[in-house]
Structure formats: structure tokens, C-alpha cells
Amino acid sequence: MSLIKRKPQRRVAIVGAGLSLFMRRALDTGKELSYYAASQALDAAGVRRKDIQAVVMATAPDAFDGVHMKGEWLLDGAGGVGKPYLRAYVGGGSGVFSIISGWMMVASGLFDLVLVVAEEKMSSCQPHPQGAFLTIFDHIIERPLGPNLLWIFSLEQQRYMAAYGIQNEDIALVSVKNKHNALAHPAAQVAAQLTVKDVLDSEVVAWPVHRLMVSPISDGAAAVVLASEHVAQRLADHPIWIQGVGWCLDTSYWGNRDLAYPRYVEQAARMAYEMAGITEPRRQIHVAEPYDPFAYKELHHLEGLQLADRGKAPDDLARGRFDRGGELPSCPSGGLMGVGNPIAAAGLMKICELFWQLRGEAGTRQVAGNPERGLAQAWGDLMQVGTVAVLGVR
Amino acid sequence: MAERQAPPYVTLRGHPLTDDEFREREASTAWTPRLEYAWDAGTAISRFLEGLRQGAIYGVRCRQCGRTVTPPRAFCELDFKPMDEWVKLSETGTINTFSICYVTWDMKPLRVPQIPAVIEIDGTSPRVGFLHLVGGVRGRTVDEIRRQVRVGMPVRAVWKPPAKREGAITDILYFAPVRKRAPR
Amino acid sequence: MGFEAATRAYDDAGVTHQDIDSFVSVCEDFHEGTSITDEYTPDQLGAVLRPVHTVAGDGLQGVAAAVMLIRTGIADLVAVEAHCKTSNILAHEQVLTMALDPSYERLPGITPHFVAGMEMRRYLHETGAPEDAVAMVVVKNRRHALSNPVAAYGEVLSPDDVLASAAVCAPLREREISPPADGAVVLVLASEEAARRTPKPVWIRGVGWASDSPWLAARSWGQASYASLATQMAYQMAGITKPDQEIRFAEVDDTYAYKELQHLEAAQLIPRADAARIVLEGGTRRGGRLPVNPSGGSLGMGYCFDATALYRTAEAVRQIRGEAGRAQVEHAATGLVVSWRGIPTQSGGALVLSAD
């Protein structure tokens, strides 16, 4: 069944990318972090703010900053003054959705040059940023039970493990891989050289989740510049093309779904694959950046993305398939587990990574074999939303 | 080193602060919002809550797709049609998944862990469950609790005494493991 | 409410929820009391496991997103939704206050409406408009609302009634602030080809949106600069060069009564500093030369936060279809919608709609 009405006519490319540091707590305000990333992306693209025709901002819960309508508040840092500016918001999926929103703007023919910014400053939220997530639960039938964010992840991880007979040792390997990969990432907040034992020795926060299986609280921003085809050819020697995008939101009744498999990620991926003309993702995707806010999520998502058989991603991981030097490098950036998790910015960080990987500019993080096509995915809401982007050199 | 050898090959900006530095700085403002909301439960949940007050768990059935779900809703989100066939469900169910949580939302340690779970109530369609807590379990360590709580295990609701019920999800105190009985 | 609005909208378009290709929701966390409000959007739209996304912004930004999505070619039918339950928000002023910058602008112990009070003061000063003109906007819109069956606040008022109401933050008066209402709106947008298969399409000829600086210290208080930019963008797309002649009627944001005047001037429907005169002459009444807010606007219908812009749009659509009953404007062939996100923002949108 087709998930899009027809293939889009106009092509859209990424011509520049930028990042700020990812930090546990930054002195810099959200506006400043946005500015760092945005100005770097503009420099990389060789354009100025006045050339930009529209701005998209992605930033997750307003509760982190304690500012209502925080999209408005941040717009000057994102270069939006005097421009059509829009904030798209799909929880944690926002980082990848930001580029989908930007893609829409250029592919519609309305704009030729768009700046996409994703920012998060979680540290302002006291006593703990997790407090912002207390209100994601249904106010009547869930909040009175006193749930916290860790519950949904631990419940999902346990379901995943029970459904397929997966052990915590298998999952801990994700933390090891990603934190190791992040040692080569200049923005990294929590890069480390660890063993599986280190991970499982860390305290249990909500069994089966151990502390070293959780990505950190972070402040940070990322940005990219998108261009229409004729502008991209003029600006960049090697523009990276957005070949396909997809997104899907599942029901808010998360207890009525099988948590062992993210079907909304599959739907989003199928939409992106259809647009990109991909029929054999395992062969045609050369590098992947799935969303890894918790160690098990990378595996869970790889399966939803059709890049591994259901319940089998841990086996593939164990035999090295997803290492930077493996058949399908996954999270060569170091992901959220290694670089950090400023919610919306993390997803766009993955897009930036693919941009550099596909241009052969990823330096010590470069995956071998001249990858030509990559995929980034983010996830959010109440285990509900999948956002996917397929990028390629053609 | 990473900065010179990996993209974006420029110094990344940002001024990280340690906790001490944050506390010592004078230039910060604080704001405690007073945000109060009063949500209407809606037609379906109101009836569900009233059922809880009476000590019963209700679900609804969609005439079109035949699914029986709980918590009840006014319309089937898949067929997009009203759902009005109310069904009284059992107070027993099966554990779909559970967790053993040792921290509060602001990461303070809990002496006695909480055991959140998704409970599939008997009488509903497959894989239909809702969030609640497991209780009536001895011990505090992961190993002790895992010996008593398993995915797929039957549980039964333990209720507050009728006089204390308020028409809230907490009228069910928790779901307790059902001890195996000898067959009659 | 969302389910009801969606069901009616799909029915009106002659489609089912399964025909809709993509869904856009417009909402803000602090209006709902829920973080990541996006989670709770799909079910009531019939959008489970479908492409749904939220624009945390103005209703017309949601419409713009839908327009762009359709123009990419991947979707032919897109539903745009917004709702508000202001009755659930117990401390609205606290929520509004939180929209101000916490380091420099958030003054404790003062109503956030001070931003509107200051803007109104500057507008009156720059244009020389008398306060009577602002009061007349309230009178007009409340009266228009009497003919609108979905309006909550229709009534007969005199300008003195308005001027006698308590000062909230002078010169802003209580009756010049639109009162809250609950509601939900769903719009179904379609590509040209798909629209021709529906019973009563109304065409979007142009859409625009813009933001000016969020800082209080960096704005032109007397003018709605964002509305100038947004309407210019929409006019360019629509091929409109003489808006005051080509636009027959307008539904513009009137969250505060003075904003209606500011928006009309920014949209070039009335020359700068002339809005007051035309309002006092009755030119913006339903039977006048340029009917403005024949629905009653927010002053007459009630203020619906994120749903406000979509209400203005829905009302404009009804006018163009000739379905506005007693609120009908004659020969309503081309209309303009101007929206605003409310204080303290400088963000808004514009939409040019026509019958063909």
C-alpha cells in the first residue's frame, strides 16, 4: 500500500551543517546555543542570514525552559527575525522532523533556501529536567500513579527482552559501542571507554535499565541549511540530497500496543523508503543513525527500520555488524548515548553526522567504503512517533 | 584532539558549567510557576472512574472492528466511530511488562522500589492493557522481586475499601500476583 | 470536541478519515497542561498510525504547513486541527506571564496584559486614533456575534459601555479584551485536483507568515510589523497588488480590540492612521464598504488560543461559500484572514481566500 500520493518533483539538499557543544549545563542561553549552531551552518554553506528565506525551529517541551511558547522566545537566536518562522514539535522526534519540515518548505516550491535549527536547554528545569516529563502522562488515569519517565522506557525494554529472550548483556553492548564511538566526536558530553561489565555494574535505576544505559540530560543545538536543486548546485560541490522522508504517529493509548516492536517506526521508514525508491534497505542503506536515548532503543529501532530481523538486532550487534567498521555502521557519531541528548538537537546532530559521512568528511569517525546513502531516525512522544530521513549523494 | 580530526573541524562553542560553578554564580533568575489546570474527564473516562468507585473495571467494545478495550473511550480511534457498548471486565489480568524502579522523578533513591506494569485485563482484546502498579510482593532487590513477578503472570486487583474510593485510578491500590491454587 | 469537529469536517468535505493523507495539529503545551501535547492528537482525528505532526505556533502556520505539504505532491488531502479548553486553565495570567523572557521581561506582580496596554498606548499616539474607535470595534464585533450561531459573546453594547469598563492596564479596558471560550476546529485542505472532487471548495490563493523580534525592547510598538510581512507574502502569492480594492471582507485577529485596527492598517486594507475614522463611520460593519469580522471575531465569539486563527479561517470559508446565514456579507468572493499569536509575540499569519 502506498504511503505517499506521488513522488515529489522538487529535490532538496543539505548544503551546510553546524553544532554547538553538548553539555550537562551550559552558561549559554537557548538563544545563544541556537546562534552558535545556526551561524556555523550558514558559514559552512557560504550564505548569510539575509539570504535565508524561511526558518524552522525544533525544540522539545517548553517545560524545560519554563517559558510558554518558547518557540517565539528562541526565534532570534535561530535567525528568524523578520522571516517566516515556524516551530514543529513532535516530542523527541522533533530533531529529525525539523529537517522534514524544512524539506516541505523547499519541496513545495515556496522557498529556495531554508535554515533548520534544533535546540534544547534542559538544565534550566529544577530540581531535575525529568520533571518536565511528569506531565506527558494522561492526567486522569496515569498521573495519580506517580509515574516518571524511566517507567516507560523500562517497561518497553522489559517487554522487548521478554518477547525475544534478549539479555541485558546484549543491550549493554550498545552503551559500549556508542560511548566508544563518541570519543571521536568534538561535541561529545559522555564519551567513554567501557565494558559490558561496567555498564551492568552501574546502579539499577528502573530494572532492567541501568544508569549507564541512559543518555544524559544535555544542553545543545544543531543546524543545517537546505537548498533547492539549482541553488544547491551553485553553493556546494557535494550537496547531500534528502531522498526520502517519513513520519508516523501511533495512538496515545500506549498500553494498547505491543511494546516489543515499534510499528510506527516501520510506517515512517516505509514512507521514506517509498519516496527514496528503496526496496532493499539492508543493502541500500550504508550508514544508519537510529535514535538511541536508551541503549535498547537503538536495537528496537533498527528492527522497526527493517534493518534487522525482529528480535535479532542484538545478535547482529554482538557479531559486529553495527560497529563503525562493520557491514552497517550504526550511530558512528556516538549517538545520544555517547554525544549527549539535548532532545531536539540530538536528532538533528544525527543528520549532521550523515551529512559529513556521505561527503567523506567525517575524519576519525569516517565509515569506510564510500557510503552513498544514510538514514537518520528519531522517536518521541509516548512511545509513539517515528520520524525518518534518508539522505544520499545523488 | 577530536576537534581537529573530525567534523566540523572548527572549535565548537559552548560554556559548560559544573554544579559548583552554577551555584556560585550570582547572575541567575528563578521562577516557580503556579500552573493549575482542571481537566474534564470526558464522557468515557468519567464512567470508567465511576465504575472504579463501585469496584468494577469497565471496557468498551467497538461494533465495527470488534475490539474490546480499556481504558474506555468515546470513539474507536481506528474506525473513527462512536464506541458505546460497555462491558464489565474481570478484575484479573496478566502482566504484559513490568519494571522495578529505584528512583523518584528527580533521581532521588527509593528505599522500597515501585513496580509499574502494563496489565492486560481479562476480557479485553489481545495486547490491550493499561498502566498500574504491582504490589503484595516481598523483598526489595531485583532478584527477590523477579522471583515473584514475571511477564505473563496472572494478577488480581486489590482495591481500596469502598468508603475510601474516590472514583480514581488509585481506587485500585495495586495488582497482586495470583497464588496458584490446586485444581478442583 | 476534536472528534466532533473532525467528523463534521470530513463529512463536509465528502471524505472519511482514511482518505486524509496527512494531519497537522496546532497546539501549545502550556495551554494543555501536558508536556508533548502532540501525543494526544492522533486518536480524535482518526489519524492513528498516520503521518501527524504538530506545529507549535499560530493556526495559519499550521495551514501553511498543510499547503506546503500538498505542494510537495506527497499528499492530496491534509487535515489541520486546533482546539482549546480555556476552561481547563485555572491561572491563565500565570501561563501568559511565562511567555515573557524570564531574565529581563517577566515582571512579578503585574498583569501580562501590560504588553497590550503599552502597544495600544503607542498605537493611539502614533495614529492619533481616539479611544472611541477602539470601543467601536468591541461594539461592532459583539453585535456581529449576535447573528453567528456558534458565537459565545454576542450582545448589544454602546461605546460608553466599553469605555466605562474597568481599566486593566490603561488605556486597555476590560471589555476590550476578548473573553475566553472553548472550542475545536478542523479544516480539510486539498490539492487542486482533489478539491475539484469535493462539493464546496474555497481556494487558498495566498498564504504568508512572519515573526518579528520577540524582545519587548526591539519592536515597533505602534505597528503590527509581522502582519505587514505576512500579508505581503500572501498578496504576492495571490497576485494581489491593490488589497484595498481586491479584498472584499476580512477576518482579522481582535484578541484586543485595538489589534483589529493595527492589523487592518498593516494589511494595507486601510491607509495608515485611517482605521479609526473608518470604524467610527461604520465602514467595517457587515453592511459597510469593508466588512471586518462579520463572525464577531474573538471579541464576539470568544478567544480560543491556538484555535483562534482557524476559527477566523472557518468563518471566512463560510462567508465565501454563502453559508453564513444572518451573518452573511454580500458578494463575499475574496477574503483575507490575518492572525496573531497573542502577547508577547510578534508572530502572525495571513491567508487570501477566494471562491475561484
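To keep things simple, chains are lettered A, B and C as they appear, and every chain counts its residues starting from 1.
Methods note: a residue touches a chain if its C-beta (ideal position, glycine included) is under 8 Å from a C-beta of that chain, and two chains touch if they have at least 3 such contacts.
If you're wondering where the values come from, they're calculated on a predicted model, not measured in any experiment.
Chain A has the Cα centre that lies closest to the mean of all protein Cα atoms in view. Relative to chain C, the most remote chain by averaged C-alpha coordinates is B. With centres defined as mean CA coordinates, chain C is found 38 Å away from chain B.
The centroid of the Cα atoms in chain A and the matching centroid in chain B are 26 Å apart.
Our note on geometry: chain A versus chain C, Cα centroid distance of 34 Å, whole angstroms.
Each of the following residues of chain A touches two or more other chains: 66, 133-134, 139, 251, 253. Counting partner chains per residue, chain C shows two or more touched chains at residues 30, 33, 42-43, 48, 95, 98, 102.
In chain B, the residues touching two or more other chains are 31, 33, 37, 39, 73, 77.
Across the complex, chain A is touched by residues 2-3, 5-10, 12-19, 22, 25, 30-31, 33, 37, 39, 41, 45, 48-49, 69, 71, 73, 77, 96-107, 114, 116-118, 127-133, 142, 145-146, 151-152, 168-170 of chain B. If you check the complex, the residues on chain B that touch chain C are 29, 31, 33-40, 73-75, 77-78, 80. Interface residues of chain A facing chain C in the complex, by the touch rule stated above, are 3-10, 60-63, 65-69, 71-76, 80-91, 97, 100-101, 103-105, 107-110, 132-136, 139, 246-253, 263-264, 267-268, 271, 275, 380-382, 384-385.
Within the complex formed with chain B, the chain A residues making contact are 17-28, 33, 36, 40, 44, 66, 126-128, 130-131, 133-134, 137, 139-142, 144-151, 154-159, 162, 183-188, 203-209, 219-220, 251, 253, 255-259, 352, 356, 361-365. The residues of chain C lying in touch with chain A in their complex are 21, 28-30, 33-36, 38-43, 47-57, 61, 64-65, 67-69, 71-76, 95-96, 98-99, 101-102, 208-215, 229-230, 233, 341, 344-347.
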